[in-house]
Amino acid sequence: MDHFMNPRNAGELDNPDGHSEVGSPQCGDAMTLDIKVDDDDRIADIKFMTFGCAGAIAAASALTEIAKGMTLEEAGGIKNSQIVEFLGGMPAEKYHCSVMGHDALSEAISNFITKRDATAAAFKEILDEVPTELRNILGDRTISIVHVHPGRVRISNVGTDRQKVAEILEKELQNRIGETVEVRIA
Amino acid sequence: MKVYLDNNATTRMAPEVLDAMMPFFNDQYGNPSSFHTFGSNLMEYIEKARQQVADLIGADPSEIFFTSGGTESDNTALFFGGETDPEKPGLITSVVEHPAVLKTARYLEQAGHPLGLVKVNSSGSIDLDSLEDLVSGKTGLVSIMKANNETGVIMQIKEAAEITHRAGALFHTDAVQAVGKIPVDVKAEEIDLLSLSAHKFHGPKGIGALYARKGIKLKPFMHGGHQEKGMRSGTYNIAGIVGLGKAAEMARNFISEEALITSALLEKLESGILKGCPGAVIVGTEAVRLPNTATVLFINVESEAILTLIDFAGISVSSGSACSTGSKDPSYVLTSMGISVADANTAIRFSLSMYTSNEEIDYVLQELPPIIEKLRKISPYA
Amino acid sequence: MKVYLDNNATTRMAPEVLDAMMPFFNDQYGNPSSFHTFGSNLMEYIEKARQQVADLIGADPSEIFFTSGGTESDNTALFFGGETDPEKPGLITSVVEHPAVLKTARYLEQAGHPLGLVKVNSSGSIDLDSLEDLVSGKTGLVSIMKANNETGVIMQIKEAAEITHRAGALFHTDAVQAVGKIPVDVKAEEIDLLSLSAHKFHGPKGIGALYARKGIKLKPFMHGGHQEKGMRSGTYNIAGIVGLGKAAEMARNFISEEALITSALLEKLESGILKGCPGAVIVGTEAVRLPNTATVLFINVESEAILTLIDFAGISVSSGSACSTGSKDPSYVLTSMGISVADANTAIRFSLSMYTSNEEIDYVLQELPPIIEKLRKISPYA
Amino acid sequence: MDHFMNPRNAGELDNPDGHSEVGSPQCGDAMTLDIKVDDDDRIADIKFMTFGCAGAIAAASALTEIAKGMTLEEAGGIKNSQIVEFLGGMPAEKYHCSVMGHDALSEAISNFITKRDATAAAFKEILDEVPTELRNILGDRTISIVHVHPGRVRISNVGTDRQKVAEILEKELQNRIGETVEVRIA
């Protein structure tokens, strides 16, 4: 019950990497969930808001505590029963409330992945047809992608004019997906 | 502090009622229908209780039949009211009735009784034009509640009864929430059948009554040993009946003297909530309401979460009608008034009684605003 | 001296039962179906009582539904038992059932359910051949009482249930007079539906239960707020339910330990009457009877006159079943055993309980013979 | 209630002048009633027996007390309400029990009258066709009937051989109605 009285991780994140808004078909209640994901694909921060019952609040609090620090893959594998266990049980008729939190996390991860895929796809497009300005700098080097995140891309093998390469790529990405994506060069 | 503001669900039994009942749990345990004096002497207590109940609603004692509660009275009224005249199979009730009426009506509909449902307007009172449109010569029974359990809205019973009678049908009212709280007069309001339940006005649980106007042809609902003129058989629950009688007697005093106190406390609660919880909306303010009931929408804040937090603070209230399942359907009473599902899911019902004190209201007004504030902070809508 | 020997009509409530009920008349007055803990905490008491009742009859708690008493349980069983399968409208019961079964059966007969009545033989037990002849593939429900309220005769329930099941019908038993007095095992006796009533075994009046075997498709009898899985709605009569549970718990001890005492007192009463009142005849001696019930024919002496004189002596007994009307029809239970109307009108029922004492029996045996003698002297038949 | 606890006039009479056996159609209970009637047509003695409830016993006790000493006409006029009043009230559903006593008295009076009529008719037959033996004694006198009772007839104007006249008449009556009827000569 402490998770209901003093819910952990309630609130919203600025510029979340993944965001979800879900509703429970059972009761019509709703929840939003935000995640920040670090470059190791771990959940660095997580926050929820809910228009839901005490069970939903407690379950979301528990879930976010469990998920924090996990890799996305680990977090995606959290089972509903783990939440219930974490809370020390949940009445059967409140099961759907914990499911709502569970759904919210899945959706936020999906949202993160969708956004990451969009960034990756945009980046791949650029690499498939490298803009002349960039080709001139790179010569015959081929950029290696170290890591893609919806908001940042880490790359290597760009030669020495790192600053310029990053600038050009950031501009191209901004054009393609309409969001600022940071380009870091390893 | 413990504060009980769920008196529309059930009430604290008056100590005077328990005192009146005690002899019948102890050595006065006979069966009033017996031949021997040990049992038959008890019949006078049954008849006294019948008189007390009759007096509360302006009826004649011969028109009072004891039942096991409001649900049974409602079921009985609809079952035989809907079957007295085969030429008039039609049944009409309103969309905001208690399930004891509404589900029985639905059952009878499936059994072949055409069912009409009277709408309510945004204030929560029934739409008399809608009733006027629905009644016809084929209508056997119209059932409209005297006061709604969730909103406390008091319906226009006399007008509804007049429309019903003009169409030649019988008029039933579920007065479970009204009897004992406000004056009810079956003669003045032209009521043919009325349901009441003791535990809603400080009487015991498991006992109620059905008023049936003299001259109505009754059909037995519970067949057996011929108690209650054969209408409602079963060994007399004498302690329960005596308790109901005593509660009825006390309620007459309450209505004439103490209802104003309750009403003042309710006003204090309402204005305190409106001040302390910005965005709160009281339901049914344009209608006349019971002196003890307020349903408040805490827009954007989910009601079950409120209930849980307020319960921790020792305050018992409810969201809509008490329901024994875990399901959380939005209150059909509220949505039928045009309130959105989302808003209906923010409703909390406060229902007071003659035992509610000023200190209790103060305590609620101290505890509630921070709870609402806390939940609003984590609401995605607010 | 006051002697109460009318325990088949109703019993003294056990003080332990009242103790168990008291908290729920005082500060534990919440509605168990509530969301708040003040109410919902009470649900465990409901479930404990359900377990206690289940234990008394060898059922699973999920098979117990609380009702307002034996009459309601009987009505419920017959109503939905008689309507589960439209292909099997037939209803069978016995000629010696309580009116709660018999009148309901007659009502259903008028509503289109063919009714068959099983005969009894001169000992008062049902004629199984007669049942065998009556059942068919069109029979939906057979209802045979476990023990008769007037004679105390215990019926061959297991055999009747077997015959019923072979025909593919449901089997109900009105065990209102048996439960709490003798062992009843719904599984061993293959009972599908069973009625019981608390006040017949030192519990409160106005509460009972219907056992319905798992797997039976139930039809709600009381529509409303969805209590009892929607089968039997109405705000929980928690005090009554807890009282029933406690009475059930106590009855288990009674059956295993104290029933022999009652049985010995009954034997003493019977032999004393036969010795002191020449011409007296005990009914149903060839059958197995309840340990607490004896019906005696005081041939040529009218029963109401006996009742009146014995009542003056402070002894409460009855003639046949307690009836709330002043009419004096000869007991159909007795006449269906082949007893003449004149002899049936000489019947007195003595029904003991665990509170009956040896001194009370002595007192009856001292008072009764001169009464019978006195009335015999003015009888035109003797 | 005293009339039930200590019923007056319970029992039977030897050689009653009027007797009845009635049953109540309402409850199947039964009652017998005997009366002795004196030469003033007054009820000299009355007794009942009943297989009936306390109400029937009390009502019969009350009724017999009321009727005792009354003329038949007076007794025939007793109303049921008088019995109820005498007892100080009676529950409505017990009304039929007092009616049973009332019926028993009416029947006993009827029975008395039937028997008296039979005696009177027989006597009239004798006078219509006076036996020769008697005619010889009477000469042209005509016997006057003073009073007829089922068990005795009082006459006058028989001349001086009273003993003989009575003997003859008693024998004739015995022949005709099969019961001993006493003939008294005034």
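By written order: A, B, C and D. Residues from 1 in each chain.
Here is the rule we go by: a contact is a pair of C-beta atoms (placed from the backbone, for glycine too) under 8 Å apart; a residue touches a chain by one contact, two chains touch by 3 or more.
Quick caveat, the model's predicted, so the values are computed rather than measured.
*Asks:* Between chain B and chain C, what's the gap in Å when you average each chain's C-alpha atoms?
*Replies:* The answer is 33 Å.
*Asks:* Would you mind pulling out the distance in Å between where the CA atoms of chain B average out and where those of chain D do?
*Replies:* 69
*Asks:* List the centre-to-centre spacing of chain A and chain B in whole Å, with centres computed as mean CA coordinates.
*Replies:* Spacing between the chain centres: roughly 52 Å.
*Asks:* Which chain C residues touch at least two other chains?
*Replies:* 304, 307, 325
*Asks:* For chain D, jot down the residues that touch at least 2 other chains.
*Replies:* none
*Asks:* What is the shape of the graph in which nodes denote protein chains and edges denote touching chain pairs (line, ring, star, complete, other)?
*Replies:* line
*Asks:* Check the chains against each other and report every pair that touches.
*Replies:* A-B, B-C, C-D
*Asks:* Chain A touches which residues of chain B in the complex?
*Replies:* Chain B residues touching chain A: 300-302, 304-305, 307-309, 312, 325-328, 330, 341-342, 345, 377-381.
*Asks:* Which residues of chain A touch chain B in the complex?
*Replies:* Chain A residues touching chain B: 4-5, 7, 10-11, 21, 26-32, 48-57, 91-94.
*Asks:* Residues of chain B touching chain C in their complex?
*Replies:* Those residues of chain B that touch chain C are 2, 4, 6, 9-13, 18, 21, 25-27, 29-39, 68-72, 74-75, 98-100, 103-104, 106-107, 197, 199, 204-207, 220, 222-227, 233-240, 304, 307, 311, 316-319, 321-325.
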